[in-house]
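In what follows, structures are represented as structure tokens.
Shared between the two complexes below is chain A, which has chain B as its partner in the first and chain C in the second.
Here is the complex of A and B:
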């Protein structure tokens, strides 16, 4: 009798749990279906595409090439013969990698420094602080195309920026976007200018959260303003900096819009980025296999950075 | 009550089928084209075709010009069943053919006894392994536009149909000064060095680019002497060639024939008001005067179309005599050349009336800008990258050309 009861109880318990799980799944379902259809399947398809030669069209025209696309983009045969220097000076992928890395390495710290400086300056009760905050945030909401076109004009030969530079005694008067040494800097400048307002707002929020008593204690201990900044403010901002740099590194690797509008990857290949390279291969040359293989390289890089950051999360993201 | 409802519903159903029957009677042909809302020849073609084919309606599917290749390829890959697609670049046609989107046309040509002789051989650019996949209805070759008022004001003779490049450069320098530029080069590779293919021997996909040096040197000399705006400035300002020429301070400009209809409209709507004319582009000493290069525009039948016979009727009409005359009346140059067509071109309202302009309508040779091949688009990416380095003087002409040779050799394997 008791044996029947306990098995009946277990059965009901199980049924109840299954139903509970079903309810949970049904809540996740709409989101997951959307994710699966629009993200997961395309990603998996792209992984598959990186192993085939395909110009689009009927699936029957696909040709399995294994790692051929990867050998093609890395020009493995040539690189093995001529060394790694060849990869980064002559091969499209190497050049795009080098440019993207350089852009990221310069843009991320520069944006963070500018954002922190702005946030500190506007965190006090200065006159018109709200107005300034709006002004610095404005580029972030303005149209990207409009911004880039305006900057391109400003950085023209005889444009306002070059005139300023020349007034300072530096003899330089060339369109930045037409100078292969300066073109990447023009992109960095616009990116920093555009994004610093957004990260300023995030830092402002974080600054409000720094307990006042820490500053009081520091003052009591005789710390000056600089010491307070380095030993109180910065450590307190660490979780924010961690978040901001993670987001920014990932978005920097995906840089496309500024380049497409300002330089189209030129002059030559001086501002060719991974994503502009993917676009060219996929939508100018219709080499979907090659384009997918480059996308996989980008995926791996972003994945490495993301995993590294996750593993450091415990150390840096929490106080 | 129920009875009335049933009757009403039945009546509605009957009406629906009736209206369907009416729609079935007239046929609609969907044609994918770029800038369908603003391109004069598309209006003229639609009007003429519908007039000669009662009951048929042409419906354009408009795609923005700069996105045409990407958008149409995506449409075709997605199984779009629009009947006819305009072919903007020969490379698109090749990509589509490889992917199996195009209806082969040889059987239609044979069945209807279609005469291809009016194309003078250029239709072969739309053929793969002897099978025709599209018919050209427009062929734009490059001519030299000039501003007659500026030449009159300077008291200098107009350019002629048989100038060499040296004579042209000399003329450009002569016309320069007082805010006037002797000539204007748009930033494209084709505007600066594509002249190399006018000799009928060179192509831009042969992997041999040493000959381009002549045209780069010619350009740099003109830029240095202030006879044309600098590439840097044009790039940074993003100045469109039509705005530049319509501004009225440019004496000459080599440009594609499509610019004729732009100029006719610009005069008509008052954007600019000077007298202008065209002559053949200059030639090298050893190349025949009147040689040029150009590009084809055509139409192909979608393999997924459900109205293939009507689509063939349209495509063959469009490329043939009647369609060509409709195209020519708007100042656009059809691919089909005949006396009737040439007459229609010269009589387009607003076309310059001088004899030199009329003579420039018939080039002696038209090379293909970038011929179709498996590697055309990759090669043109490389050439454009190196072109920008030479034009911004980041590279010397020799360095740029050496890299063109090297990189294209790698593509060709």
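Here is the complex of A and C:
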């Protein structure tokens, strides 16, 4: 009797558990099915694609080439023969890497300095602080195409920016985006202008979190404003700075929109970026395997910075 | 300390260096605000000029005559209304599907126990780190084989199921005490009932953040529509503007007029809901 009871109980318990799990799956399914089909499968598929040669026709035309695509984009044979300099001056991938890296290395610190300065200024009792904050943040929500084409016009030969520069006595009258030396700077300028307000908001939130008694203690110890800034504010902002810079590095490596609208990667290859390169190979030249191999290079770079961010977050959380 | 602050504020007069520094601060802030706003001012100004006036020397910020007819002209030059309709359709659909499904899934991840929960969640977290640009091509191949190429649905499904939404909502739901759900369960509410009557009303702030970011992100998206939408009837404002630029490359005044129009909807959304934007970034700090 008791054996019957306990097995009956167990059966019911099991049935109950199963129903509970089914309910839970029903919550997740609508999102997960869409996510699995349109994100998870393509992610796995892209790894596979980087090992095949394929022009996008029938699946039967796919040809397994192993690491061939990687050897192709890095031009390993030529580079082995002519040295690493060849990679960064002649090979598309090397140039794209070099441009993207240069863009990142200049944009990130510039944006951070502007963002910190703005946040510090607005963190005081300033009249119209909300108005200023709105203005500085606005470029971030404005659509790329409109603002980029506007900047491109303003940087044209006879545009207002060159007029200003000439008035300052510098003799420069070319279109920025058509000058291979200046084109990348035009992209950097627009990026800093657009993103500084966003990071300013992040810094404002961080400044609000700095304990007030730290400043009191510093004042008691006779520290002046500069000393307070360097010994209290900056160290307190370190986790935010780390977080903001890794986030920005990652988004810099993914740059596409600004380049596509302002320079289309030119003149020549002077503003060719990793994503511009992927796009061209994928959607203009239909070299699906090559495009996927470049995509993997981008993925590896982004993953390195993401992992760094995760591990540092752990460290800050534990401290 | 309060006394100190009070005495400082009530002090007879601030020191001269304080006044100088404060003035300097305002000068810098106003200069930076001008730097931020000038492209928008120039855009509006150019949109009201004749094309030969746009690059006049020296520059005129206020046009001699306001050519409002530019704004009439553009509607006959490009199917702007169609672009607006398409973009609004996509943005609304994406925002709706994204918010609904991710808050639904996030409830299960945050408050229910079931086998495979962690594995499934790790799938989401892992793909957050993968840039869309690395799998846009296989996604394109997949969608083309499903017959979604050059349809608005392509952009809808592309944007609707982001891991970010689930992540954000789960974070928020974890902050809501589990006791609340247990109490409701004892009172006989089903899980769906708990989600609808307790979790949803409590998560208004998180939903507002998600809605705004999804809406603005979808409205401003350029690369997705550029890859998928080729026929004019399907184009969004962003790719439509791009087409207009390519076809009328020297009609600077008209290009600027279309640009101003493309900025208006997001500007209105931003200005009316900016509190949620700022809060959303400050609390989540995500979405670069």
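Convention: the second predicted complex is superposed on the first by the 274 of 319 C-alpha atoms of A that agree within 3 Å, B and C clash if a C-alpha of one lies under 4 Å from a C-alpha of the other, contacts with A are read in each partner's own complex, and residues count from 1 in each chain.
As a convention for this text, a contact is a pair of C-beta atoms (placed from the backbone, for glycine too) under 8 Å apart; a residue touches a chain by one contact, two chains touch by 3 or more.
All of these numbers come straight from a predicted model, not from anything done at the bench.
In the superposition on chain A, A:292 makes contact with chain C only, not with chain B. Of the two partner chains, chain C is the only one touched by A:137; chain B is not. Residue by residue along chain A, chain B and chain C are tallied for touches, and C comes out ahead.
By the touch criterion defined above, A:180 reaches chain B but does not reach chain C. In the superposition on chain A, contact of A:156 is made with both chain B and chain C. When the two structures are aligned on the shared chain, A:61 is found in touch with chain B, with no touch to chain C.
When the two complexes are overlaid on their common chain A, residue A:24 makes contact with chain C while staying clear of chain B.
When the shared chain is aligned, no partner comes close enough to touch A:85: not chain B, not chain C.
Across the superposed pair, chain B and chain C both touch chain A at residues 56, 149, 153, 156, 159, 283. Listed in rising order, the residues of chain C touching chain A in the complex are 1, 25-26, 28-29, 32-33, 35-37, 39-40, 42-43, 46, 54-55, 57-59, 100-102, 104-105, 107-109, 112-115, 117, 120, 123-124, 127, 129-131, 133-143, 157-158, 160-163, 165-166, 191, 195, 216, 219-220, 222-223, 226-227, 237-238, 241-242, 245, 252, 255-256, 259-260, 262-263, 266-267, 270-271, 274, 277-278, 281-283, 285, 288. Within the complex formed with chain B, the chain A residues making contact are 55-58, 61, 78, 149, 152-153, 155-157, 159, 174-175, 177-180, 265-269, 280, 283-286.
Contacts from chain A toward chain C in the complex involve residues 20-21, 23-25, 27-28, 30-32, 34-43, 45-46, 49, 56, 118, 121-122, 124, 126, 132-139, 141-147, 149-151, 153-154, 156, 158-160, 163, 193, 197-198, 201-202, 204-205, 216, 243, 247-248, 250-251, 253-254, 256-257, 260-261, 275, 278-279, 282-283, 288, 291-292, 295-296, 298-299, 302-303, 306. On the side of chain B, the complex with chain A involves touching residues 69-70, 73, 76-77, 95-96, 98-101, 230-233, 235-238, 377-378, 381, 385-386, 388-389, 391-392, 394-395, 410.
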